[in-house]
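There are two complexes below, and they share subunit A, which is joined by subunit B in the first and by subunit C in the second.
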Partner chain A sequence: MIDTALSADVRAGRLGHSTLRPDGVAKVQGTFQFSGDLTADGVLWGATLRSPHPYARIVRIDVSGAWKITGVEAVITADDVPGVMTYGLIDQDQPVFASDVVRFVGEPVAAVAANHPDACRRALDAIVVEYEVLQPLTDPEKAVDGSFEAIHPLGNVFRQQRIVRGDQTIEGPIVVEGSYELGMQDQAFLGLEAALAVPDAGGAGVELHVATQWLHEDRKQIAACLGMADEQVRLVLGGVGGAFGAREDISLQVHTCLLALRTSRPVRMAYSRQESFLGHVHRHPCRITMRHHADHDGRLLRVEARFVFDGGAYASTSSAVLVNGITHAQGPYKCDNATVDGWAVRTNNLPCGAMRGFGVVQACFAHEAQMDKLAAAVGLDPLEVRLRNAMETGDRLITGQVVESVAPVARLIRELAAMPLPSEPVGGHDLNPMRLPGGAGRTADVGNVRRGIGWAVSIKNLMYSEGFDDYSTARVRLADGIATVKFATAEVGQGFVTLAGQIARSVLGVDEVVLDQIDTQVGSAGSTSASRQTWMSGGAVDGACRLVRERMFERVATLHGLDPLGLVIEGTEVVDTVSGLRLEVSEATAGIEFDETFEHHHRPTEDLDEFGQGNCHTAFAFAAHRAVVDVDPELGLVKVVEVATVQDIGRALNPLSITGQIEGGIAQGVGLAVMEEIIQLNGHVKNASFTDYLLPTFLDMPDVVIGLVEEPEPQAPLGAKGVGEPPTVSSTPAVVAAIRDAIGKDLTRVPVRPTDIVFG
Partner chain B sequence: MSEPSNLVYTLHVNGHASDVRDAWLGESLLYVLRERLGLMGSKGACEQGECGSCSVLVDGELVCSCLVLAAGAVGQQIITIEGVAPAGAPSDVQQAFVDAGAVQCGFCTPGLIMATHSLLERSPEPTEYEIREELSGNICRCTGYGRIIEAVQRVAVARRGAQ
Partner chain C sequence: MSVLVPTSLVDALQALAEHPDATVLAGGTDLMVELNGGHRRASSVVVVNRVPELCTWRHDPVSRTLRLGAGVTYAQIERDPIASLVPGLAEAARTVGSPQIRHAATIGGNVGTCSPAGDGLPVLSALNAEVELVSAEGVRSVPFSSFMVGPKRTLRGPGELISAITVPVVDGWQGYAKVGVRNAMVIATASAAVVADSRRGTVAIALGSVGPTILRCPEAEAHAMEHADFGERRLAPEVVSHCCELVRLASRPIDDHRSTAAYRRHAVGVLAGRLLRRAFPNE
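What follows is the complex of A and B.
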């Protein structure tokens, strides 16, 4: 499948070149329209009334007060949902509006539309909801053991899955075990949830401009709730200010459409930051216990693990996150025997779903801590124990699946180990307090600060799993030397709009590529998630371009009496390798249009059986990280000095974009390691703001050193693996390992808090 | 000339006097810029001065427009992202952000452009520490900041070379 001729082609704008974003100038000038910037004549504002309780019965809702507020045009509740009352990506268990029971703080109960955001706010204040407050289920273990009453008709367990492989009796001469915990991380994209819904005349349909990761899946769920056919609901991608998983689920989509249809006017909705924390799904908090059995040489004999993912109030993608977590329990290491039990459960905490790394972040934090424990137990260097177990292509996962992907795990580790350590001492060569733990607070005493180094390696599945055909579609038209590319792929910042142009230029030999509007007027692209769009939508654009090229070659061959199989693209020319005839693509396509649509499907995958066996995943990518940290053990403060990484990428289609994905992914991994957590007490959220939820700033972000391993992936249409998730997966355990190295404590929980360092 | 009775106050934005009508006096400068004057380039992402996405210059000072009352900025010169350079003719800072790969989703970008212009005005050749500290009021969730630091340094070098 790999067109090796392209590999050497680094002509500007082509594959392999660090082509710049087509939307870059608009974004730096502030003219790029994000979904929150969209408005329309006669537009109304929408707003949502949310539950203040984690678990309560709704006794009565009285909306009459809202109608007395000047400017209010609509007030809606569950009674106003014309179609299906619930939605959800896998199981439709989440109400559009709660009507009988609220199950998390922030659950929507009603919505209003008015002529000013403050009229909306006053209207929400005027709605009276009488609740009978119930004791919430906040401990996921009580959902696992069944000791708490069902808080939803579908019960408190989203999914339980075992993996049983090989010899269950093997006990190692070396046994290491540990219990690990991860807090709830927020995606914290900058561009808050926002949408503009414009109703068709007579309410025959609706057009929704929205920031989302998956237009067609949104449309399916919205149409069902509106009681409409899919064709009556048209979605257009509003400019997306980051996503990271949080826009895979429905948030304000149905509400905005309902208000627009009710008022027969355009309606804008835009969440506040606080509302955003409550209104989208998060990374699952998780508790993991692991026991690794190994021989005296440190070779893994068996892994035992138990995972409990707290999915919060509604299902979202919890069942898939669970499978990702448990099927990656062994990490990027050979292991023939395993016993893994996993649960994803319902509680009255905030709902959780997709976030960059999707279950594998949790698994990796645990298995990498275990590998360090194993190294210590057998007296090996942490890298040596990893090298001895390093997975290779052809090895089997604990699901029995053969890893057919390129798996350069040992090479990643060796190349990472060969990278020089940062030369600067604690505090930097000029002893700048900004480089000490605590930074601008200038609290750390350089004499107390200890440096640590930690390592972590990861395996991450690419694309969707368990039998899901997450195909992608692209349509390409070529006329007069200009290619027009149409797809529904959500551009969320990752740069698919750049890559699509590079593919079209490379395959078709054109310089000018026009990207059509991203909407539902073409087939689905699947979700911008699971590191899948370079592979899937890249494959779709590539496929459509190849069909167009074939048609063009046939035409040129017919006109000039040539064999189409002898034709190739060189630069912007069609070249006949037999006769040497050269023809500009613009000439070859003058006055004629070629128009082709292509769907790219990855190979089929299977469900897991009751023992967790089956070829459930599509492909895999690997990464290795090394973190260097400075820690003040008395103050409990950490300065992450540097994160170095070597990543398995298949092929660098746009090196600048890859750098951005890796640096950005590491930032989120560092955030989870040392600062990011949504804190809930008895179901109530304590830090739903950027003042209280800490995100890495310029001052927190370490230097990043990047090495790329390019071994083209035979399964991938362009030879390239997705690069978005691996940087987030193993950077977190590397940072924590470095802190452990500095202070010699176990540190079994992320984010690592000052109290963990001082008192842990 | 019929002066409308709903004129509330006048702001000086990007060199023009802009009348603000129908406004409630409690509206933030960010809200008025976006919703009353149609200048959508300034972004709101936290509403409490933590993220810097809404950064504008008021009498030359870099401020979070979400924390400034619009009515309080009467009589002051306000520069927004739209006033940095003409559409289609980016400033050196803007172009450097594009060229260095400092833009992904782009939501934080207008605020960072404002902060970078302000920084380089005050400190034409900032050290890396200085860049990090000066821009630490602007949060970016996509890039991990590396390409942004690169962009700022490129501008500093280019400006020095141009002198």
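What follows is the complex of A and C.
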């Protein structure tokens, strides 16, 4: 399905080819060095003391007991932070260590370094923190209506934003409305947070090896807290075992550096799974109400919506998540009139920030449920109502922004509808009880099961928004036919290390590409998030390679008396299209080095105004999903049988890599649909372990059928759109729509729990 | 922490006699999770998975019993020859964890932990299994139903080792089913075992995860037995429905983060009904 015609006649290792990951074998064989595996001579272990309370005043901290534990080399609290006391991606409101008030369960209060993890544990146990426990704010509506005292000096509302567009009085002859809710999903990457900090002699600086998504932004925040200049802090990417947004914020970075500088020794920190659940931001829980007005043909007249995102204790990226959510309220559909109100608020729940889909997952769950309701209300097929409203290039969003991206929404829907349904009957052809809802629990017989089909379509912005220039940098050197590529792009599993080589080989006509260490010794690459690195860092590597190629062509032209404009790369040769002269790239670069650096910037964007109007987004990608589920209505158990998808990708630069992104994204979407949720009771986390925070297993993962729509994106440097987020955005609503189809109930919350199916 | 690895039952018992507060480690799939999570500390550990006497099993066709050494793994139980002797326990074994877990996890460890969610336990309860305990002082045998006294609480004394579990080899149908929120690798939110002994004409129903211990359902069992046709494997639909109701009444579930009491009570009735229907496919 995936091996497009493009890859068949493409040279191995070049763009369009399903080149394998350079680190793939090492990862499968267990020899890849993840950041948790890093160590150094004389290394100490670091550990963090965390708040057991969602909201409390710190009356007293007594660390003297920790110093009495053998092996302890450092004990630090807020008093030991030399620079600014707080950090954050957008607003710096999160303390390195809480000093006066703790605002969520798991908030760091102190840290220790010792010669053994056991000594760390005993030292943490020996620190006495006296708390005055306060009543926590856990209901986000109380932050919206202002009925709860401010739990932070900056108040309880991170951002409020409206979108008001068009005729505010239009009422449809057809009106459908609903209230929707999404629980808190965790990124649940397998490689836990880990870092190794190595101090420079005399404390002049520090080198931090860390699994992160954005080295330069980390450096900026770390340096500020350490009271150092950026140059004094060098970051090197440690092996990353997944990210999905959870590594965009600071977690253990500052603590590890502080301990290393304090002890003048290397310090490693590594979170446990439980700590990881508390120590990074999550997907925002969200409550949404929507009212769609349409004419009798099912054409949208107006969308009204209200969003409340629970951002938890600290700001992180809540304000940007909010804007993403509300600006995608219409979905991939034409709609001229809209009234949207959105809040992102502070509570004493776990902090929330970036997670794959970034606010759009929430919007899509609601608008797709609404489109199904609309279809039912006008008596149309769910696909027909979507086709009638399908967005096209040139349409305006409810922000007034014109969609200039390729927008093949109708084509996605038609191609998805044309895909055959799974031929497998309930339980499979050979009736394997494991394939029934309940799986290995063997709860169902075929007669207990009903099948359902659901559809969902999405629009997702690519890159950063609202005026942010999230550029990327790459440096390329070419000598003796070998290209060396340097960038600070965090490889978190998405495969940029594969793609960078493919770009260099294609542009420069080389077979051998060396990837330099990923660190801060080159300009920023921006974050590995927002589906942006293929576009942004791909653009940077492509740009740097083109500069180098120009230099090489100029030299060949000078030496051979040719016009450089007539030169092209074919295979591993420089070819003059005029004279037919052919020269191996290795010859053309023998004994000489070309070295160029390039920054790729996307076109500028704007802030939203008070009515939510403005060209705030850079570009968009679209996807359509169809889910087939088997449901046991009596027990409320679900087996997702298949998810088929057609995705707008621009151009398949590495079809295998795209398959990986799509399958993985669907796994996360299925997880949110039927099981993944961090459960908090009055601010206390009930399931911070993989025993009770359930991720889909092999038996829960559906078969995935993939269709790619390749309409090259003119704005994108390589014609390719980001593919990481769309699979997660509309797979969740497709699965829930399929469950609704099977049981005929209004499921308005994800994850859908057995109780919702049985008693809902 | 001292770790002792005896290679005979005698050595194991001596090790336990010398360290009465020692923690026993079999497959480690419960214990290591607790130790690593800091929920439990061990000053000394006696490893029993290299004790040959604990890892064997014996079928006695005369007494029609199967004696499973405590160290027999779920991977062994889910396959023949054991699976055909105790198909209900094999069915339960297949619901446990993943293949990796089943290769390490032992039946003795499941009984040693004695969680109300232990998947082997409802079947052992429904089969009236006997738990054999051995110490330097001697051997004793306790019915499983009295061995388990509460959630993760048992009659096992200090210095005692679970040496074996003995179950009858029954004619007739037996099976197990468990509800969890995902399709594999999940802790039961409700589970049930049914054993229909066609030679004795008895029906046993046992429930997991819906009470502090594994629960039997005497009223439902009696009602089913009274109306069942074991030869024809026939049970009327209204009898099945009534049994489901009696099962729900016998359950004592709680609300927690995994589920609600109302759902557990509902689900355990559904499971019992479906298992009875599998035992008696004809209406």
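The criterion applied here is as follows: the second predicted complex is superposed on the first by the 751 of 760 C-alpha atoms of A that agree within 3 Å, B and C clash if a C-alpha of one lies under 4 Å from a C-alpha of the other, contacts with A are read in each partner's own complex, and residues count from 1 in each chain.
Keep this in mind: a contact is a pair of C-beta atoms (placed from the backbone, for glycine too) under 8 Å apart; a residue touches a chain by one contact, two chains touch by 3 or more.
In this text, all values refer to a predicted model and were calculated from it rather than measured experimentally.
Engineer: Return first, second, both or neither, reflecting whether A:Q33 touches subunit B, subunit C, both chains, or no partner chain.
Structural biologist: First partner only.
Engineer: Pick one for A:W535: touches subunit B only (first), subunit C only (second), both, or neither.
Structural biologist: In the superposition, A:W535 touches no partner, neither subunit B nor subunit C.
Engineer: Between subunit B (first) and subunit C (second), which does A:L699 come into contact with in this model arrangement: first, second, both, or neither?
Structural biologist: Both partners, subunit B and subunit C.
Engineer: Pick one for A:D23: touches subunit B only (first), subunit C only (second), both, or neither.
Structural biologist: The first partner, subunit B, only.
Engineer: Pick one for A:Y271: touches subunit B only (first), subunit C only (second), both, or neither.
Structural biologist: Neither partner.
Engineer: Tell me which partner A:F309 touches in the superposition: subunit B (first), subunit C (second), both or neither.
Structural biologist: A:F309 contacts neither subunit B nor subunit C.
Engineer: For A:I679 in the superposed arrangement: first (subunit B), second (subunit C), both or neither?
Structural biologist: After superposing on A, A:I679 lies in contact with subunit C but is clear of subunit B.
Engineer: Does the superposition put A:W343 against subunit B (first), subunit C (second), both, or neither?
Structural biologist: neither
Engineer: Name the chain, either subunit B or subunit C, that contacts more residues of subunit A.
Structural biologist: In the superposed model, B touches more residues of subunit A.
Engineer: Would you sort A:G664 into first (subunit B), second (subunit C), both or neither based on which partner it touches?
Structural biologist: first
Engineer: Taking the two structures together, which residues of subunit A meet both subunit B and subunit C?
Structural biologist: In the superposed arrangement, which is not itself an observed complex, subunit A uses residues 434, 440, 689, 691, 696-699 for both subunit B and subunit C.
Engineer: Inside the complex, what are the residues of subunit C that reach subunit A?
Structural biologist: Per the touch definition, subunit C meets subunit A at residues 33, 37-38, 91, 94-95, 98, 175-189, 191, 257-260, 262-263, 266-267, 270-271, 274, 277-278.
Engineer: Contact residues on subunit A for subunit C in the complex?
Structural biologist: 121, 274, 434, 437-445, 448, 634-637, 639, 674-675, 679, 681, 686-687, 689, 691-692, 694, 696-700, 753-755, 758-759
Engineer: What part of subunit B is in contact with subunit A in the complex they form?
Structural biologist: Spelled out, the residues of subunit B in touch with subunit A are 24, 34, 39-48, 50-51, 53, 80-82, 84-85, 87-88, 90, 94-95, 97-99, 101, 103-110, 113, 129, 131-133, 135-149.
Engineer: Which residues of subunit A touch subunit B in their complex?
Structural biologist: 18, 20-21, 23-34, 36-37, 116, 118, 187-192, 239-244, 272-273, 432, 434-435, 440, 492-495, 656-657, 659-660, 662-668, 689-691, 695-699, 701, 703-704
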